[in-house]
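Several structures are given next for inspection.
Okay, so subunit A shows up in both of these, paired with subunit B first and subunit C after.
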Partner chain A sequence: MVVFALFIISKAGGLIYNREFHTGMNKLSSNDLLMLAGSFHGMHAITKQLCPAPPTPTNPASTAAALAPSPFSNRPSGLEVLESSHFRMQCFQTLTGTKFLLFTEPQQPNIDSMMRKIYELYSDFVMKNPFYTVEMPIRCEKFDRGLDGFVKVRG
Partner chain B sequence: MSTTFPIRQSSLPSHPPPRPQSLPPQSSHYNRPAPAGTSTAMSSTPSSGPGLRYPSNKKTIYDRNLNRSKNAELSRAAFAYLFIEMIAYAQRGARDVGDLEQRLNNQGYPIGVRLLDLLLSRSSNPLASIRPTRILPLLQFIAQTLYRHLFGRPADALERSGTDSAQYMLFDNEPMVNTYISLPREMSSLNCAAFVAGIIEGVCDGAGFPTEGVSAHSVGEQEEGKDGKGAPLWPGKTVFLIKFKKEVLEREEILARGGG
Partner chain C sequence: MVLYSFYIFDRHTECIYSRRWTPRPVSSSSKTARPQSGSSITSNGDATTVARKRTDDEKLIFGLVFSLRNMIQKLGGEDDTFLSYRTGEYKLHYYETPTRMKFVMLTDTKQNNLRPYLHQIWANLYVEFVVKNPLAPVEHPGGIGVANEMFERGLDAFITAVLPA
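Right, the complex of A and B next:
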């Protein structure tokens, strides 16, 4: 039950937040981390393109969904989980295109709810902070503290 | 009856005039000319004409009881987003942190002046709807009634300064306005509760207790390690310093001698 690290990637592909909760990951220089985030951003865009075309309803006029088409229901999500023998990487993309990457042990349960909680902390302590500029690196003490409290309780 | 509201001379340069807005003349659909033939018959109903629009049950905001909205709660997130814009507005043209705090204070001040009257007129106890005339009832009013109205709970502590008898300290362990705010390193001395300090200053001034100024200071870090864990129990603890003017203390002394 180990959570290794959290990365947040802006919608332009830049790494705006990285945090290691547990030692045991390979040490990477900040340049390597930026490259990793950029590469993942590109790979995520490619996996989105690989999504099969959504099935078209036979009679579009008759269904209720066609009356009010949601822009999100058929949206391809791209890469969501990457699992290896030693870690599992979960990717969550918000509606605005910000990506959260969570590195955990492969056996870690309830990653979805963890991700939701992290997103909640992000929208509270980062997006409601008057001194944070969107798309810029996140330096918010309360967000750090909230993550610490949350991960420690879980771990 | 001559009630004079305190009008504060602001030492700040006035804000730049708003950009001229180019409103298209008569473009809204509210005052579209009625088609010929229906003009007199239709415009007599209150909801179709221009000006005040009435809800369908004919009850406007003036028909509602003042006490009705007493327990109404507002969204904390909505306030947080509004407060972001208020800080951004105050930051525009602010010279330094002190200037920014003064601007936030100025934004809160008129709220305090108005809230004093509103809360007194709303109190259910007729004896309690007199303006406080002594310092302690005034501070109690701020710490209890005002705080309950604004934040849904009383303030955490009220103390008189040991060194300066004109100075009172109101403690808030976790100011609601600072819930989501993390300060950047270059502004670490800022406390956005200066807005609340402005509200308190407005209440004091409105009640006839002029102050030298009310300021908000963070004191959470000073209490570090009290609980042995190294981390402060209340990292956002804030103290509001209320310093009354000399004449207020003189009057207080006279009132004390006369037995209130």
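Right, the complex of A and C next:
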């Protein structure tokens, strides 16, 4: 199994983390990557707008939902999986708007569980790091090492 | 299986054919919250707003697939091709001919890749009934000559045959 790269895009559309695990995708300059991250942020918003059928509320009759309407319920989700002939990109958006993009081989099973694990590492080593400022580029050695260990073990 | 819509774009970025099987939702919450510029002046009834939304969607889809295709070619190399994307609610399938015509289909999320079907629509319906039609112009500004009876009927038959409801 091959995991090509991981990008993290902040809720404002800036690239705050990029990491290549395996060669196979084009090498791009950091400027290009920043541009791609920004335009992907916009495309993600458009994919939400294009939703042809509004998502049905999961539990319309439940009293809890009626009493406290959550801003996160039945909102169309944006792009989740992008497929091309060379790779497959899984996009996971957290409730706060941070996007995780994971580039893998086209036939890659269990990306969801990998994504969960990466989100866990992010919460543990980035969000709990007292020296990390939110929305800023991520420079946390433990996160790097955790990702390395995780991807290498699986690979 | 649910089929939402189908679009053909020519190489001049214009939508020359579009077909919908579901009405567009009246308005999402984000749209009502946003004030629409000039809506008080140009409110000529529902028909015009619906029509404008339709062309808006076409432009959005074209811009989106164009950008996604460029992004994929940047990341994966020149010979990489964009196949499809999926959100929580729908899936968009994409096929581009060597002449840069773009075929786009929106379906529900459980559908496998429809690229071979889009290729067949191009080869067996578009080429047969539009390109080989002596009365149709070479280019199709505004969609002239595409939505002829043979093409429409062929598309209907094809879709009911290969994509049973």
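Here is the rule we use: the second predicted complex is superposed on the first by the 136 of 155 C-alpha atoms of A that agree within 3 Å, B and C clash if a C-alpha of one lies under 4 Å from a C-alpha of the other, contacts with A are read in each partner's own complex, and residues count from 1 in each chain.
Operating definition for what follows: a contact is a pair of C-beta atoms (placed from the backbone, for glycine too) under 8 Å apart; a residue touches a chain by one contact, two chains touch by 3 or more.
What you see is a predicted model, and the numbers here were worked out from it, not measured in a lab.
Visitor: When the two structures are laid over each other on subunit A, do subunit B and subunit C clash or fit?
Guide: When both complexes are placed onto subunit A, subunit B and subunit C end up side by side without any clash.
Visitor: Looking at A:84, would you say it contacts subunit B, subunit C, both, or neither? Reply first, second, both or neither.
Guide: second
Visitor: Does subunit B (first) or subunit C (second) touch A:113, or do both, or does neither?
Guide: The answer is neither, since A:113 touches no partner chain.
Visitor: Now for A:94: first (subunit B), second (subunit C), both, or neither, which partner does it touch?
Guide: Touch status of A:94: no partner.
Visitor: Of the partners subunit B and subunit C, which touch A:130 in the superposed model: first, second, both, neither?
Guide: The first partner, subunit B, only.
Visitor: Of the partners subunit B and subunit C, which touch A:48 in the superposed model: first, second, both, neither?
Guide: In the superposed model, A:48 contacts subunit C only, not subunit B.
Visitor: May I ask you to decide whether A:139 touches subunit B, subunit C, both, or neither, giving the answer as first, second, both or neither?
Guide: first
Visitor: Please determine whether it is subunit B or subunit C that touches the greater number of subunit A residues.
Guide: Looking at subunit B versus subunit C, the one contacting more residues of subunit A is C.
Visitor: Which value, in Å, gives the least CA distance between subunit B and subunit C in the superposed three-chain arrangement?
Guide: In this superposition, no C-alpha atom of subunit B lies closer than 31 Å to one of subunit C.
Visitor: Given the complex with subunit C, which residues does subunit A contribute to the contact?
Guide: Residues of subunit A touching subunit C: 25-26, 28, 32, 36, 39-40, 42-43, 46-55, 75-87, 103.
Visitor: Applying the document's contact rule, which stretches of subunit B touch subunit A when the two form their complex?
Guide: Residues 77, 80-81, 83-84, 87-88, 180-185, 187, 192, 235.
Visitor: Enumerate the contact residues on subunit C facing subunit A in the complex.
Guide: Touching subunit A from subunit C are residues 2, 4-5, 22, 24-25, 28-30, 57, 60-61, 63-64, 67-68, 71-72, 74-77, 79-90, 92, 106, 113.
Visitor: Quick check on the complex: what are the subunit A residues that touch subunit B?
Guide: 124-125, 128-132, 139-143, 145
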